[in-house]
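Each of the next two complexes has chain A plus one more chain, namely chain B in the first and chain C in the second.
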Partner chain A sequence: MNFFDWEFAWTILPSLLDASLKTVGITLAGFSIAIVLGLFLAVGRRSRKRWLSWPVTGLIEFIRSTPLLIQVFFLFFVMPNFGLNLSALQAGIIGIALHYACYTAEVYRAGLDAVPRAQWEAVTALNMRPLTAYRKIILPQALRPILPALGNYLISMLKDTPVLSAITVVEIMQRAKNIGSEHFRYLEPITMVGLFFLILSLGLAWLVRRLENRMELAR
Partner chain B sequence: MNMSTSHPASIIETIQAAPMVQFRDVTKRYGDLTVLDHLDLDVHNGEKVAIIGPSGSGKSTLLRALMTLEDIDEGVIMVDGEPLTHMPDSSGQLVRANTRHQRNVRGKVGMVFQSFNLFPHMNALQNVMEAPVQVLGLSKTEARERTEELLAMVGLEDKLDHYPSQLSGGQQQRVAIARALAMRPKVMLFDEVTSALDPELCGEVLNVIRRLGDAHSLTMLMVTHQMGFAREFADRVCFFNEGRIHEQGSPDELFNNPQQERTRAFLSAVNDAY
Partner chain C sequence: MNPVVSPSQIRFAYVRRTALQLRACGRSRRPSRSHSGALPQPSRVYRIFAMNELIPLLLEGTWVTVQVTFFGSLLAIAAALIAAFGRLSPIAPVRWLAAAYIEIFRGSSLLVQLFWLYFVLPMPPFNVSLSAFNVAVIGLGLNIGAYGAEVLRGAIRSVHKGQFEACQALNMTAWQRARRIILPQALLAAIPPGTNLLIELLKNTSLVSLITLSDLAFRARQLDQATLMTLEIFGLALVIYFVLAQIINFSLRALERRLNRGRIGGSLS
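Let's look at the complex of A and B:
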């Protein structure tokens, strides 16, 4: 294998960048779903109503204890047997979102548990509805300490998107593999994909840190 | 048209005399431990009741049950003539209240806690304003007016934009009092509100409560270890022991001439301590 061919790298760059949009899109869509769904799962798991908390707990533990790869395989290849036909991209986004929702749910749960009981008592004494209480009083206090953990899961999810190449989603990793097999050169495309993830992960980490600082200042 | 003249005088009297707060045969247990033991207590409109007694005697549980922070196992609590955690079903039997009924009745009660329990992510203004806006549906302008008035009343008009972490304990507790008052309760509960404060900060909080008692027809229940304040402020003092009211009377009767041995022992122990 020759040393890094800059000219070849230059010619495949547009194609990789094109596929990288899909990677970024999947991450944004997946994480948006995950942080909302995760919150509902966390609140459900903490509920005193067992008909709610038990199934939610079961779902979270089930999903956290099985590999993402199997979950997306199941969604894409097995669900059609039950009449649910999803495109590869749909199955991929739903799969990764659900997977990470269960992780963020546990982060939310830790954050919610850390809000003192006395805050709930104050909220009750002021006759607030539970929804208002969560929105205005409990969540703002729960979010601050868990922001770094949520940020970690965002980066982690970004780095897990190549798993979706296994169900034919042409994100940046799949594109790089295609280029490699067409040209019999893997060095450049795979290196460039690695760099792409490195740069994006570092950028996201920086953004998360800035957000934390802003919330600290807003106090 | 004067409706009242058409009623017999006795009914009018009953209505006026109906207690603002009524505990009827209320029992609360934690496992084997009985915290409130078939408790009966009537508190009349505008009355100021101090509740004293050894720790674990059920004083705080009484207030917490009245704020619905604790479920009761037996009995009924009435607030302003309505059952708090119960409601009449179609046949008039008392059954467990639904959320809506409980919220309606609970709205007549406000509470101030030992540890203030302010919202740490909100400044004083927001702490007081939030519930009137969210719960009572006041406009921001109305709520702000009400808040500024109340914070001025507790002497904190210059601290509106301060966060709890920037306030002293006494100041935090005064914000907490303003926050409870902003909901316009008929009954105010004070649960050892000076116990977490340095002695020199107690005075400013007690002064606020004193002024509140003078200016409003609020019904107040206060669990306290400040015997001096109880004596001066309360219309009635209840001595709690083992989940019951062991002895009660005017401050003068209870402090100067306690009838029960247990009351005397408690009071002399407290006097020794302070």
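Let's look at the complex of A and C:
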């Protein structure tokens, strides 16, 4: 047997690329939910009202220190008992989005904390409504410096999508495993999946680094 | 493969049998709720009785998780040290090798790495067969080690330049410099991000259940299939992981405080 069967690799490539679309789709859908939800969580955590900030803090800490796999299991297997039936794909996207929302919440919090106090005072002095203040004054300043950090979470989210194969989402990893067990050759499919993640995450990391450099220059 | 039946397997079979019996009883009395997609639930009597049986089994899985975390973190620390120094080495090929290791393990997904070690290595071109436990420790250790190398590199860089110059002035060898001056300061600076990485490692041990190692996540899934007490089992599993993460968090914070004792706050570096 030869080391790496290029012909076999070529025949399974379309199938893997097809499944990779799902991986990318899950990442994008999950990330768009996570960045919106994370902002709300961060604002909730910084709230001065304790009935809001304490439960949100607890939720963030709990989700951040428990594994994504079990959270996804929880959504997929436990939630139907409460009448919430999610398909594997929905449970996966919601699970991964919820998990990363808690990480992005911490990033947002750091960004919001970095906005100078005088800006908050100025907003109060101008008698702005909280929503207007956040939209026009605070968020534009808080968001710019944290964009690279958010980009890094996009990368780690991409690398966490194979976890969803555990609840039968056929993304690229699951497809590779299926191909492997059909042909009893694991070397090519799994190596190709590794390369897929490597190329995508190194490419994204390069973009994030460029973004970082531009931020440095802008300052 | 292993013909010896372990006590946990017997207990598991017992739980499973009683679960099936009681579920059968429950089903004959109540109509199944299958139209809503949820599986019929075991009776309340069974739930209370079964908790006594479930907790030891989950704790057995927890023990495997703890072992993987412990040995994995040892390997991760070793790998991180070697790779971080490799990255800063004056010899170019060593630097490239370390960079390649770090980029490959950070750039591809952990699950892919575990599957690669577990499914690809035993096959013809390599013929290296590792047990699931070894794959778990090696995979997690090398993966987190690559992240740790970057953390450590940052920490070594954060040691003030004057310290390096002082070492040179004292005519220390590179080894003396690293061991006596640089590492004690760098490792202390690396503890807070290192804590996050160790918690990450603990969380990632749940993935080894997908390569058939019977850790906490695996046990939870197995017991869930046997008893259908999904809420209790996955809830308990989440709580156990949370407690373990807090133990890591608090003990490393205590370690940091202890090592910081006697240092003049801040400005020494």
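The rule is short, and it goes like this: the second predicted complex is superposed on the first by the 205 of 219 C-alpha atoms of A that agree within 3 Å, B and C clash if a C-alpha of one lies under 4 Å from a C-alpha of the other, contacts with A are read in each partner's own complex, and residues count from 1 in each chain.
To be clear about the criterion, contacts are C-beta pairs under 8 Å (C-beta built on N, C-alpha and C of every residue); 3 or more make two chains touch, one makes a residue touch a chain.
Small disclaimer: the values here were computed from a predicted structure and weren't measured.
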item: Superposed partners chain B and chain C on chain A - clash or fit; value: fit
item: Chain B versus chain C as contact partner of A:N81, first or second or both or neither; value: second
item: Partner chain(s) touched by A:E106 [first = chain B, second = chain C, both, neither]; value: neither
item: Touched partner set for A:I70, first chain B, second chain C, both or neither; value: second
item: First, second, both or neither for A:M128, with chain B first and chain C second; value: first
item: Which superposed partner A:Q141 touches (first chain B, second chain C, both, neither); value: first
item: Chain B versus chain C as contact partner of A:L198, first or second or both or neither; value: second
item: Touching partner for A:A118 - first (chain B), second (chain C), both, neither; value: first
item: Most chain A residues touched (candidates chain B, chain C); value: C
item: Touched partner set for A:E171, first chain B, second chain C, both or neither; value: neither
item: Nearest Cα pair across chain B and chain C, whole Å; value: 28
item: On chain A, positions contacted by chain B and by chain C; value: none
item: Residues on chain B engaged by chain A in the complex (per definition of touch); value: 67-69, 103, 106-107, 109-111, 113, 115, 117-121, 130-131, 134-135, 163, 165, 179-180, 183
item: Partner chain B, residues of chain A touching it in the complex; value: 118-119, 121-122, 124-129, 132, 136-137, 140-141, 144, 219
item: Interfacial residue positions of chain A with respect to chain C in the complex; value: 1, 3-4, 62, 65-71, 73-74, 77-78, 80-81, 83, 85, 158-163, 165-166, 173, 176-177, 180, 185-187, 190-191, 193-195, 197-198, 201-202, 205
item: In the complex, chain C residues that touch chain A; value: 36-39, 41, 103-104, 106-113, 115-116, 119-120, 123-125, 199, 203-207, 209-210, 217, 220-221, 224, 230-231, 234-235, 237-238, 241-242, 245-246, 249
